[in-house]
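Pasting the structures here.
In the two complexes that follow, chain A is the common piece, with chain B as its partner first and chain C second.
So, the complex of A and B:
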């Protein structure tokens, strides 16, 4: 709760500072300072503080604090590199930072809710700033399209979610996730049938938010159309938040009736990973490639929701952190290379190894991690997740492993482009000018990706 | 009497909700939406929740629908919209919506609806009780929703504000 208040106040300050000054570094430094303070407060609560609890509404337990921590880290990396994006709209800089911070407040609610009301509020607080940010480049048609598409589809999904919540309330007379779980156990077969319809409708609403097939149609267009910085935030923090809420709700109250929603979610997971990977193979635009890659990863992560009875919160945490850091790191390199927000193909990485060795190495590690190649963090995330899901869903895990093999193809295309693209002899390769902030993010991403692979057990052992 | 009013209001709200979708002229759609909102406000009155009913009429039927009409008039959209969906999309929509309808009807058919605890005396929707609930049990969501409204406001202003650099792109685009 301390972190939520700190982030909210920082957002307010960013609004006012954005009005008073035209210097973007002021707002940026303020945001970074606020995020670091929030990270410190989260650690304090984790280690020494008594977790804030408002009975039946919100409870910042260790699960919530751990997920808050990783989403603050991801936002910190994103805030550091907001250097060249938003070109042509600098004067609204404070507003954009404030909206990102407000969205992060929504993510905190999604990690800590005890009541479906708080979950709904959290999803709205997370999404509404995103609708506005997707359209931040007002003079670019693709950005307008992204905002409108995201908003309309998001409003529709919210309708499903609310309808589901209303039906669940009608059957159990409670919004509290613990009381819903108790009601499921005590009523058993006497539970009215519309309760299960409600659960499925909530599942549909949340599947939309995580971008699972068949509710994924918005995501490639929105990812491509939004300004780069917003795309990174969507694919990293919004994904962490949506999965944090999905897991908390389904592990906390619906894991007892997995027989009712398990088959549906299994089919969704299978479709999501297969369609995401197969379509990603055909992409040439980098942002669309990353959009389909994020859909594929959502498919793997749904395996964690399916195994929610086994208490795999720590495994989800490791997977989401490795996915988010790899995505941010890859986008940092991409954003440093692309001068504007127009979509660029993967040719933009051609012979990057000669232009800037360090960032090429970071990009390669990020791609290896997303593909799940052993020494990187992504491998451990995938390994633990698949190992937990294997006893119950052997066929689904087999499909996931095959899909990971497919994904190697398109992730390696980027690496080949960087290291093995043919260059005519004697042509001088110009060095690329990477901004200072990008370099910080790129190096931080590299360290995190390799460092996490040294201590995956420590992260897993956190009492989530 | 109450049962009769309930069925009347339900029929009116469902019929008007259908008309919102079926009307070709956007202004007629908005007008049927207003009637639907009034019918829902009537439901609130039947539940003895006067405050919710008034707020519903003021906010939805009043402010939001007037805004809708203004936008329609300003953008000169009050002509019949050309049909832009293909037959395939219509069929797909009908199948998907129909499946949801069948599921809902089948699941509600045999279910007994139990009354919610505390709602028997009919006092739960009065302003006093609502205020008490908002500031005790639901104080956290009540306060947190201020972040939501602030974010929505900032987002709307950000989208609506003109960039300082290019003054040429004024409202002429409309």
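So, the complex of A and C:
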């Protein structure tokens, strides 16, 4: 809870400082300081605090704190590289930091809700700043298109979600996830049919948010059109938030009736990972490639929701952290290379190994991690997830591992561009100038992705 | 012994540039070899796992970092560390940067890890770790078509490995206290249907790695396109990973599926014939050796699949021999290509007259490959065929063709390349000297020494093989 307050206040301050000063670094330093303070507060709550609880609405238990922790870390990395690369209009960089922080507040609500109302509010708090950010480049058509698409699709999703919540309330007379769970257990088969319709509608609403097939159509266009930094935030933090909520709700309330929604979600998961991977193979634009890759990862993560009756959030935590760090460090390299927000092809990475060895290595590790190849963090994320789902869904896991083999193809195209792409004889290869902040993020990503493999059980074993 | 090359790799990657890198790499490889010899002297061949390392890695998921040396592991680690200095030496005259040697040394660590791992996930991680450096080596320093070819290789083998991971996971789910420990996985009992699927998962992974017919389609291209050092790593050591996998992981873990072995064996011997026939018609020396490798590995795999002492022992010694011979052959093809700028048989000829030392060493290694008595190949193939004969007559008959057909295509290389008259306008073939002479010389000596005194090697592995057979 402390973290939520700190972030909110930092967001307000960023808004004011953004108006008062024209030095970007002031706002950025403020944001980074706020995020570090929030991280410290989260750690304090985890280690010494008592769980904060309020009126059956919010409950900051260990699950909420752990997910808050990783989303703060991800935001911190993104904030660090924000100084040069936010290419929205020049006046509003204060707004940019503020909106990112407000969106993060929404994410906290999604990790800690006890009531469906709070979940709904969290989704809205998370999304509305994102609609604004996606359209931050007012004079660019693609950015406007992204904002509009994102907003319309988001509104649809919200409609499904609200209708679902209403139906569930009608059947159980409660918004509280624990009470809903109790009602399911006590009534058992006597639940009215519209209750299950409600559950499926909530499932659809959340599937929109995580970008699962067939509700994914917005995501490639939105990823491509949004400013780069917003795209990273969307693919890292928003993904963590949406899955944090998805898991909390389905493990907390609906795991008892997995027989009703499990088959639907299995089909969605299968379609999501297959379509995401197969379509990604055909992409040449890097941002679209990452969009489809994030769809594919959503497909794998749905396996975690499916095995949520075991109730182990640690598996989701490891996967989401490794995915987020790899995505951020890949985007850090991409943003350092691309001068504008027009979607660039993967040729932008050509002979990076000779232009800047370390960032090429970091990019390669990020790609290996996303593909799930040991000994990177991504492998352990995938492994835990698949091992968790394997006893109940062996065929789905088989599909998932074959899909990861497919994904090697497009992740390696980036590596091939960096290391093996032919250059004409005698062409001088200019060194690329990476800013200091990018370099920090890139190296941090490299260390995290390799370091996690030394003791991957640490996160897994957290009591979440 | 495992850490040494990894350390060397980091030091080279960070500090060394240019020619110094290769000296440092050679030094690391020789130091590792010396350590290995030290271990070998102190090794007691009683089939137990020695110098075990057992650290908690991911205790929450029953995964430990567990390594240990028994006779089989020791033999293969010995092979790895024996070939590594030669592989480093073979690139001494090339303009490779530090990165190349760093990758080769990382590969060495990973390979040793594979051959000693006693925990499912440790094994899997090392198994994949070996794939990354070889991919980078081949795709960076390989031939013209390298990019597509190596990507195919990577995806193909990766797809196989994840199936193996699923098999391991399934067995893991069946262990009483959720562990990946080798002993515990061995103890798992499966029913017939489960056993078939689990065994298939393992088999596909290992068959792709070796490769066995019909999973071999990546192999000739990858071998041909890789730089010689990469090809040596792939054929000399990496394909042993697949055979080793059969031996240590598939057969002992799912003995319930032993009835599938005849099908697998049929594939293996089909591969022998298929590859030999193709090898007889080819022009490119490197490609001929690649196909000959498929043929030989088929015979070794068939020997392992008998799951009996003679076959297994023959396979083990033949793994060592094949490593030595095939590295020698690829080195020879590299030497020829360097001097003549072609690998096509039709454009070669008359080398023996210009380079007598080279001709003698080539002859020795070739005879080893053809399995002439008193060379190393003879011991291995004799044991393998004997094992196969006792197990399944038809397999032995078909496999027997390896020796005859192998003689045909190897002698064909020798005849076209070495004998006859030099072609018009071909460059003069300078005889080998310096590092080339050292590398080939050591290999040729090994061919003869192992051919004359195979017993110590058989003793080294005997007890461990007996232990595995008991698990049938």
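Keep in mind that, in the parts below, the second predicted complex is superposed on the first by the 460 of 464 C-alpha atoms of A that agree within 3 Å, B and C clash if a C-alpha of one lies under 4 Å from a C-alpha of the other, contacts with A are read in each partner's own complex, and residues count from 1 in each chain.
One rule holds for everything that comes next: a residue touches a chain if its C-beta (ideal position, glycine included) is under 8 Å from a C-beta of that chain, and two chains touch if they have at least 3 such contacts.
Given the structure is predicted, the values throughout are model-derived calculations rather than measurements.
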First (chain B), second (chain C), both or neither touched by A:375: second
Touched partner set for A:172, first chain B, second chain C, both or neither: neither
Which of chain B and chain C A:226 touches, first, second, both or neither: neither
Which of chain B and chain C A:391 touches, first, second, both or neither: second
First (chain B), second (chain C), both or neither touched by A:196: first
Greater chain A contact set [chain C / chain B]: B
Footprint of chain B on chain A - complex, ascending: 8, 15, 54, 56-58, 88-89, 91-92, 95-96, 98-99, 102-103, 105-106, 109, 115, 117-118, 121, 124-125, 128-129, 131-133, 135-136, 138-139, 147, 170, 173, 192-194, 196-197
Footprint of chain C on chain A - complex, ascending: 314, 368, 373-375, 379-380, 383-384, 386-387, 390-391, 394, 397-398, 401-402, 404-406, 408-409, 412, 416, 419-420, 453, 455-457, 460-461
Residues on chain C engaged by chain A in the complex (per definition of touch): 57-61, 63, 121, 124-125, 128-129, 131-132, 136, 139-140, 146-147, 151, 154-155, 158-159, 162-163, 165-166, 169-170, 172-173
Touching residues on chain B, where the partner in the complex is chain A: 103-104, 106-108, 110-114, 116-117, 137-141, 144-145, 147-148, 150-152, 154-159, 161, 163-166, 169
